[in-house]
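One structure is given below, represented as structure tokens, and several questions about it will come after.
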Amino acid sequence: MRLVYDGQPIEFEGGDTVALAAIRNGQHPARGGTLCLAGDCGNCVATIDGTSWVRTCQTLALPGVIVARHPDGVNPTMLGPDTAADIDVRHLSVDVAVVGAGASGVAAAAEQRTAGHDVTVYDAGQGSEVVGTFAGPSLIVRTATGIDHVHAHSVVLATGAAELHPVCPGNMLRGIYTQGAADAIAAAGIDLGTTVTVSTDVARFEAAEDRPGAVAVVVLRDGTRHECDAVIVAAGSAPRDLLARMVPNVRVTIVGPAAAAHDLPPAPTGGVICPCSKTTVEDLQGVWDKGFNELELVKRASLCGTGTCQGSVCGPHLQAWVGERKGERPLPFTGRPAARQITLGEAAAGYHIDTFRRTPLHDEHIALGARLDKFGGWSRPWNYGDPVAEYWAVREGVSIGDVSTLGKMMVSGPDVVEALERIYPNHVHDIKVGRSRYVINLSERGHVLDDGMICREDETRFLLTFTSGGASVAEMWVRDWIETWGLKVHVLDRTVSHGAINVTGPLAGQLLQRLGVDAASMPKFLQHRHLDVAGIPCHVMRLSFTGESSFELHHQIHHSRELWQALLHEGRSLGIKPHGLQTLFGLRLEKGHVIVGQDTELDSTPRRINMDWAVKLDKPRFVGRDALIRTAPLPDERRLFGFTMDGPAPLEGSVIRPTTGPAAGEVVGHVTSSWDSPLFGHAVLLGWQKRLPHSDVVEIDGREARVSAVPFYDREGARARM
Amino acid sequence: MNEFVETLLDLPWQTETEPNHTYDVVIIGGGGHGLATAYYLATRHGITNVCVLDASYIGSGNSGRNTTIIRSNYGIPEAIAFYQESLSMYEGLESETGCWVMHNTKGQLWMAHSTGTARTEQTRVLMNNACGAPSDYVSPAEIRKIVPQIDLTGGGRYPVQGASYLHGGATARHDRVVWAYAQGALRAGVHIFQNTAVNGLVKDGGRVTGVTTSKGSISAGVVLSAVGGHVSTVSKWADVRLPIRTHTLQAFVTNAYAHEFAPIVSSNDLVFYVSQTARGQMLLGAEYDRQASYDRGTSFAYLQSVSAKAVALFPFMAKLRILRSWAGICDISTDFSPIMGYTNTPGFLLSTGWGTWGFKAIPAAGSQLAKLIADDATPDLIKPFALSRFEREMAMADPSSAGTK
Amino acid sequence: MLACEVTFERLAGWRVIAEPSALDTVAWAPDATPVRISPDDAFVIGGPAPGLSDPHAIVTPEHGFVGAALTATELDHLATHHIEWSLPATWPALAQGQIAGVPAKLVLHADGSAQLLVATAAHHEMADRIGATPATGGTR
């Protein structure tokens, strides 16, 4: 069998790793340096099938695999297609996970089995690389077929010890092996030629002129020289405890050599201490002499330990080197994931960034050619191709909009009025059955969180609505408060169980009558009724966001499409058109209705958005009351204003500058909403002035704009009551 | 010696092995903020009887754990002005201190993948240009020119609609910034003591008059807390209660690759950011952990979600190997903006609330706080960021300051 | 990766929010399958409107879920590849949590099979991720 090594086919034997295949062919899998073949160091990394920085000693050789050594001294390029193969992710629960199948792992596994536990053993040598230990305890394990996310009742780390690499001049030559690597090479039937075995007594390695880059002579500290083809280094070991040091706060058991005390090697005096970052002992001395006098400072200044092996090779040597200078053994640096190799593609596998919801009318919108976009976690129609036509349908005829995304919550119970009185700053007790009221929610700091409607169903039952974006927070908000206060209230969030269609426009009532609602039972403004529309049971709420007569038809979602189609069909002769969010935003802006989150800021009190009318400070208790009372006497510069100006409407976000006064020419705020009103023929805006005195005339987008009373449209609110 | 080592300047430590009994200014926290304040006190205001104390080594906290991004594209004029000052000071830091901090102006893209976030980015551009931080709103085609590695379809799920582009966006090597200020401060006569934990404040009446440390008590004219992560503890000693919660913030870096990845890229919808280090590694970050915590542990869920987001926009990253992840603990204020200057306790000053955005503020915060201490008056640039703003109901509410949601 | 080749069906039933003690003592109709979402919240698949002893109980038709029947093999596949959390040790049981990143519920039967419940609004995402077929159009 052959694989491709730097463009040339080379032979390998079954069971060879890529590193062994290279060695079998007289090559170094990378460009030099001691090989451990145990996955501890970064000296054998290469680009394999387009992925760089792969430890060849942990990668099984396969026919046709393309291995490219990293270029000398510079970073590797990426090869091949970008797209990663589909990576299989498994979520596994195990009883006892033992990491390491060496002697200590085998012993630990046997002990656990004797104690009656199910034991699963993970060992890199057997194809299961443990990338990290995490809270749980859990392990992330990279296997030949994918990534295992392992949740264990307990974890035993029996990772053993890693052989120390030699740090001395010449240690980046080819032909230097740890004892373990040499054993593996011998077991694979590979002859290294004349070998010399050394320990910590090695002074330096030298190459011969005829074989540059390869070790030919090893010189010992006693001055003796030994010619050889390869050097085997048996210089002791250090705990392989990266996985253990990764989780100081997670209970794992560490056994065997991984937990045993180890002597540090003698402090190195020359050579490359960190092969991954190419840091030399001279570099260490250089930073030390410059005053970098802590192990972490030495690391950060010299980059020693910041490469592929994350200090597995250099750590003990660096500890010894710094310890010699400070007179005490420094702690090793923090262990961090990833202990073994994992790519971003492998880490990402099986993860879903977010989930977008669809309303029950999704397919209808697509059939109508809507431009859909994502808003607050939902796919919603932005427009149906002609927002101005949609606008006129609302203002002069009838239109329907999908408002299924509104937060919808039913609350019921003996304490429900008390609970709502505390949650909302407006009065609740005096809302009559069958009536509804616009309300805002405040945070404890008195800042506007959300807005919506309260509909009273009977004495102890209400339906609450919230904004689409605020619905999920609102549910937690309501539940948290009710639980905190210990009030008896049942809560049902039915946001996704109920659809809602807003039928709006001067002809909206007429359309509903055509669909079976008799004139007498038609709800008046701010009333709500349970009525059949087109034979479908609906909770009909008469309110208005658009400024026109509007009926929100709340219904069970299995009826949504039928209801939508019936409205469109019956409305055809009334010129009905559906409208999207773009038009809705313009319509409501003409009415001066704020969109919480777009027109408001994190610290918008009701006063700042001119909504003190929605707050009843005479109430004894509601969320945010204390803050509003505390801040009421404070001077307040920040205020939301309506503006008008000639079109075209400036971009939302345009800055606002007073043209006169002390802040003339300075940025005092920005436009939060902007719309070319087809009806008025000029632009209407909402925006902030955050500096006193507030100006009546400002500059926006280099043009003059004037403060205007809001609403811009139908100030008396007559049309909504038509 | 390699270039990285050769170019380091000396840290000329003071000869004293123990702190003096008295200093004009004691600064708790030897990170970028504490050291920069000491540096500017000494070099601009002639106040050299200054001591900086750190429980560990200098830069051991968030100064050495951030993603090295320098930008000024905030949402409110006060913040833009402050961070633009910092961005400009960073541009001159190497010539001022003589230290190579690997400053690199590379521009920052902030991607939008929906109508709503496109509006947010457009707003950012308009506000930034009006307040002195030159920016453009760029189209998908222009984005591709700036960063050819991008998949403009966002993996089919997050199509790129546009981006704000801050021309002055930059990075600098975080450690080297710390060291640049430490070197300059030491040269000017400031004392810096590592491995010296402050474990209490000395008070006389209502005034803070010093600190107690693992090396004994030290008297001080004023004490500045420039700690990251445990500011609530330090402030409590001074009877100052802060509107701050501390959260874990993680980041990670990949192995290096040869191709240039030019700008800093953030995504408004996906909420992550990535840039390339001078060594060729990709450096990734995202939101802070939702649960308030003092734990510096990392989680796989974080690696998983950030990797998924990165790969959605940059498919080549699927093949990059995660080299190391880490975490810091950051102080998040209720309005997401920093808190600088006086407290209601005389003698006790704060530099905190740096949340996920402290590195980029180091030069401006340090120089402004030094000026405040020297003049005993708050400079205009940082007046809006006084702790008293919360009493005055004048929050600097700037959710985009976190670069997160 | 193997897909979980099931088909989602729209479910009709009742949502009942009531005092836990009242829910504990409901006599469910023989053709109804109650799924106790929380002590005060049950989703009842099928059957007539249940009567409750709690006068403040909320009893309302519920059409917001789709469901898919899973064999033991399909459940095992789903759990291994799409569920990060551990299933309950003893069955029958109700398990709730994210499955393939989508909030979902699993009604685990004693025989090893299960019913997967997902909000209709998000089930297209679930179907796409686990290789299932989404429920077809709105019922009329």
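Labels for the chains are A, B and C, by order of writing; each one numbers its residues from 1.
The rule is simple: contacts are C-beta pairs under 8 Å (C-beta built on N, C-alpha and C of every residue); 3 or more make two chains touch, one makes a residue touch a chain.
What you see is a predicted model, and the numbers here were worked out from it, not measured in a lab.
**Q** Quick check of your reading of the touch definition: is the inter-chain graph here a line, ring, star, complete or other?
**A** Contact map by chain: line.
**Q** Computing the C-alpha centre of each chain, which chain sits at the greatest distance from subunit A?
**A** C
**Q** Averaging only over C-alpha atoms, locate the centres of subunit A and subunit C and give their separation in whole Å.
**A** Once rounded, the distance between the two centres reads 28 Å.
**Q** In whole angstrom, what separates the CA-based centres of subunit A and subunit B?
**A** 21
**Q** Find the geometric centre of each of subunit B and subunit C from their Cα atoms only, then give the gap between the two centres in Å, rounded to an integer.
**A** Roughly 47 Å separates the two chain centres.
**Q** Can you pull out the residues of subunit A that are in contact with at least two other chains?
**A** Touching at least two other chains: 149, 350-353.
**Q** For subunit B, what residues touch not just one other chain but two or more?
**A** Not one residue in subunit B touches at least two other chains.
**Q** List, in ascending order, every residue of subunit C touching at least 2 other chains.
**A** None at all.
**Q** For subunit B, which residues are in contact with subunit A within the complex?
**A** Residues 1-2, 4-6, 8-13, 56-60, 64, 77, 113-116, 119, 122-127, 130-131, 157, 175, 179, 194-195, 254-259, 269-270, 279-280, 295, 297-300, 303-305, 307-312, 315-326, 334-336, 392-395, 397, 399 of subunit B touch subunit A in their complex.
**Q** Per the contact definition, I'd like the list of subunit C residues that touch subunit A in the complex.
**A** Touching subunit A: residues 1, 10, 12, 15, 17-18, 40-41, 56-58, 60-65, 79-86, 100-103, 119-122, 124-125, 129, 137-140 of subunit C.
**Q** Which residues, counting only subunit A, touch subunit C once they are in their complex?
**A** Contact set of subunit A toward subunit C: 86, 88-93, 149, 151, 350-360, 363, 378, 410, 412-414, 460-461, 488, 490-492, 494, 496-498, 556-562.
**Q** Okay, in this complex, where on subunit A does subunit B touch?
**A** So the residues of subunit A in touch with subunit B come to 50-54, 71, 74-78, 82-84, 132, 134-135, 138, 140, 149, 247-250, 278-280, 282-283, 286-287, 290-294, 296-297, 300-303, 306-308, 310, 334, 336-338, 341-345, 347-348, 350-353, 373-375, 382, 445, 601-603, 605, 631, 634, 636-638, 651-655, 667, 670.
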